[in-house]
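The letters A, B, C, D and E name the chains in turn, as written, and every chain counts its residues from 1.
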């Protein structure tokens, strides 16, 4: 990949895996130290957490929670992508439209999702629709704002070239502007993935309680910190899986940089 | 350490889980500040407001508070999970006045069969209480469609929005709902308490505070007992204080509530050993506690400070029992 | 050879039979300025009037920064003049497949392959996918890049990139070709080959060509008419009276060629060295 | 500004203001319609909200809440910027460092902030430190991830040029890579500003209740929807002010595109 | 004139007094391949050996894509060879202020002004801010861009950009100049002026110059030695036996010049048209 790293080496996947594991070990050590130094069992030890994970897994609660949450999460995230990318492109494509809408987009994205929950309950109820909507509302913003910025950042020389061969607006967007905005969109998708996940938990806490968010509430309210940590780590792992899958798309679309 | 006057150098931080003076007897903590009760007992109380019991307990654990008004279920849990030095010392509102509200179509508890019923979550205190209350009316809560809704205000909102048919809420929440057309009280707070006579909130302190600031702890308890006695003696005092604190609240509502609370003031500190034991026994039988070894009373309650206060002020036998 | 005073309307200054045919491209008192960072504005085109007949091969020469690229962009309808009018066949110019543009900076799509870059220009045409591919391959062959069809622009040398840009403009087989120093990055021999291919195409399909070059020789070898510009103005419009086919070697000894070459050479030299408006005013051409 | 909008007109500030106001009127109309059609006063009317704003303002609660929240918000956001930009640049500069850290960054940003609150309270208490930390934690991620992406996206040809004139790593970063990453950083700052604001509310709800978050909770819990809407709109307005201020920086740094 | 077989080590092929001085720049059996999109790899430099003495002016010519740019990048230490060694004054090359590079694609910093772009190259030097500014202005004056000092690259024409790149490379007053078609976008007269300025500088400070050009005439006018490349190989290294100062007009009638010119011209023509490895193998040079 073309990158600033031309100023330094590109490392092999193996080296990177090794340093990541090294860092993981460091984190585990810090965690273990914290667990024995913070009073009143607020931080469970890694081992206790590991045992708790085993328990939750064998009870099947983890799997069920995961399944519920992932369903909500991926639906909301998917819908967010389907809305945000076309809307971001349209906002970039139609300058007046974009400039008009953008402050409302910023306004909306600065408003806590929690603030809309009463309204969402009235309109969408307590079920999966409401949850998916809350996830969507969170994930849509970074994707939209990044896509919009990427589209506005398009290379005017290439656009002029495309105009000169008679490409229409649609073709200019699909062939020049959007591919050029890909790096922005990918960052947006990354951020959307993480925020979507956070909102999954929010949705599961504030509408009908379910999934990993529900487990988080149970273990948090009953101070079962080892189980609580299992859920937190589980959420972090989902975040990593999704953001790392985006790397595949990113590498595929960025082949030309090699 | 020690019991010297150095105790009062720093304010005594009392953590409460309400954001405004609440429309329940718990308001004694806020009003004791407003009306100078703490000051008169020589303790500089600073109220720290948090949203929920977990935050309150986390604050207590971090030394960010000296006393916290928390649910007994949470207190037992946190002690079980390692905070073994926490003790309940008083209960300004031994039981929150809960009721079950529902849509008007649900005319009797029996109509709840097949209807949707909002709970915090399965296993939460409100769920267990509702189970107990409905059972006393011959309704098995399992016959309703349970919806886990988390926060009390979300449950109320869901009921108001018509997304659920019934739920448990405090009388204060009910009083604050802006528009209750189409809704009614299915089981009122008296019937509710009768069916589920459990203490649900206590003021807890960590061991180091008991050790380092015993006089302050006693002063706080003394102030709370005194204000509770004054309100019990003259409900109008509470109504007046509340209308000052919450000017936008309808006085008629306050008067109605004052009536409802006639028996609810913790004039003897709200710490009946029998009631507390009953409560903990009952809690240990609920699903949330299924894997937890029960605590003895002395492992989570310290009557010492309250007894010292009652020794000084005497006990009023007509009100909450002070049995040990 | 028809030297004209700068700025004179020259609608009838083209070839002799202008009256019989509608001119392909007409500039009428065109002005175009660009804002500069200090708030002032630079006049890229100043009162430019020019008329180019159908099927003509017109070379544009002039010192660096005199407005050649701007002229081509306006001719294509990519930018609008500040004042004055431009028309192509009587209508305002509209960019499209009828006009091919070889940009000075190549402007290849970095994420499209060489083949994809050429095909991109063909998508406005009424061609099937396989016809499009065949056409693109034909022109890649013409510029000698068949072997690089699947490469990305980032993997090409400067000259190879320029040839892709050339293939892209030619592949549309447009009626008008706007070429901005299209051979500047090519070695002398490849350049010669490309000149020949261009003339082949021009002879066959007779597109109108507006060809910016820095080489007086190239201009005289290729063009019917040479337009000399300086600081936004058209100074001269000169018909090249050399018979075709022309060979540079042979032309070099042709008296007309020599006269014309020296004339242009001296004119530009004067513009660069002795025009007070030039950045090089007063510079010496001796080592 | 150079942008895809070369394919369409750039509009004057006046036109944009006009369409924005037009859109605002449309929103107000929709809001008004919703307020009379949704049952039980869940949506207050614009007029009721306006009156509530007046009340809150004359009581001074709005100003106090605003002051508290803005203090927390700007401190947290400022610290987030100070951490995220250098860290993002360092992650882009040192390839192995970046590649090692990135999955942990994604993991952390996918974990609900709420999950850390007990820990944060234990370590930082209930006061302003804890709140600022929570805001920082939310705002840091989009800035970091965008900066990192922007740095990795740097033009390898310009970097090679800089190397050829003997520029050291520091100069390459400060003069080539970071200026090239500015559009990414700006998007990151925008997103960070909005997420920071959301986290301000979260922080004010979950530690010692204060500021606008506290007011939101009070009015939400007591179903005073007109007041509740005032606070929501107030948050949206802060979001707009901050993201629009970023435009000034953006325009200043993007002058060369004119 | 010393035609050499391709790939022969030519460490002693430079000027007569090679033995007396350490060569400035030595390539020893250098290979460099780039991966291609189809998985194969293209050999950009194949077994290149070359030795360039201090203070020499060396022109590099060859067909498009033959590896000239790659040669310069390796000489500057910007990329490393796959095998073989390169050394500058006996050490591996390190990019820095001792070497100036004029890139084929200009590579101007878009957010820096023209002046800022030139100053950027001077920051590694031990100059005060005002000395740096003076130096940058001196070289902007030399390339005729004083009036554009505060403009951004996006506001310049192609030729103006190239002159900024030129000023940037010259301003460092390096001991070695690597110039990749530095005058390709300039009109003939400005080009001539720039050639003269370059020779002035070379006469005065005698940097070693590696100068890629597509113009055989330019190579012969400027260089001590001409290196002819094709498909990654060095085919010939030729000393130019013309006395300095040289004038192109005068040189054109010099017999040595004509012979050399024709030789190079024919060699490249053969490489382009009759080498089976060429993309234009079999093409005709007739209209």
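Just so it is clear, a residue touches a chain if its C-beta (ideal position, glycine included) is under 8 Å from a C-beta of that chain, and two chains touch if they have at least 3 such contacts.
The shown structure was predicted, so the numbers you read here are calculated from the model rather than taken from an experiment.
Student: If you walk from chain to touching chain, how few steps can bring you from subunit B to subunit E?
Tutor: 2
Student: Report back the single chain whose CA centre is most distant from the CA centre of subunit C.
Tutor: Relative to subunit C, the chain whose C-alpha centre sits farthest away is B.
Student: Name whichever of A-B and D-E has more C-beta pairs touching across its two chains.
Tutor: By the number of C-beta pairs in contact, the winner is A-B.
Student: Indicate the whole-number Å distance between the mean C-alpha point of subunit A and the mean C-alpha point of subunit D.
Tutor: Result: the chain centres lie 16 Å from each other.
Student: So, what's the distance in Å between the C-alpha centres of subunit E and subunit C?
Tutor: Distance between chain centres: 27 Å.
Student: Please compute the C-alpha centroid of subunit B, do the same for subunit D, then give the distance between them in whole Å.
Tutor: Measuring from centre to centre gives 38 Å for this pair.
Student: Go ahead and note the Å separation of the Cα centroids belonging to subunit A and subunit C.
Tutor: Centre separation, subunit A to subunit C: 50 Å.
Student: Subunit D: which residues touch two or more other chains?
Tutor: 2, 42, 118, 122, 160, 163, 205, 220, 225, 258
Student: Can you list the subunit C residues in contact with two or more other chains?
Tutor: 37, 105, 152
Student: Show the residues in subunit B shared as contacts by 2 or more other chains, in ascending order.
Tutor: Subunit B, residues with two or more chain partners: 54, 58, 61, 157, 161.
Student: Give the list of subunit E residues in touch with subunit D in this complex.
Tutor: Going through subunit E, the ones touching subunit D are 73, 76, 78, 95-101, 103, 105, 107, 109-112, 120-121, 123-124, 152, 154, 168, 172.
Student: Contact residues on subunit D for subunit B in the complex?
Tutor: Within the complex, subunit D touches subunit B at residues 39-42, 117-118, 121-123, 125-127, 205-210, 214, 217-218, 220-225.
Student: How about subunit B: which of its residues touch subunit D in the complex?
Tutor: Per the stated touch rule, the residues are 19-20, 48-52, 54-55, 58-59, 61-65, 152-153, 156-157, 160-162, 173, 176-179, 181.
Student: With touch defined as at the start, can you tell me which subunit B residues reach subunit A in the complex?
Tutor: Residue positions touching the partner: 53-54, 57-58, 61, 74, 77-78, 80-84, 120-121, 123-124, 147-151, 154, 157-158, 161, 163-164, 288.
Student: Spell out the part of subunit D that touches subunit A in their complex, as residue ranges.
Tutor: Residues in contact with subunit A: 1-11, 15-16, 19-20, 22-23, 27, 38, 42-43, 92-96, 99-101, 103-104, 106-115, 118-119, 122, 141-142, 145-146, 149, 151-154, 156, 159-160, 163, 169, 172-173, 177, 183-184, 186-187, 190-191, 193-195, 197-198, 201-202, 205, 213, 216, 220, 225, 228, 231-232, 235-240, 242-244.
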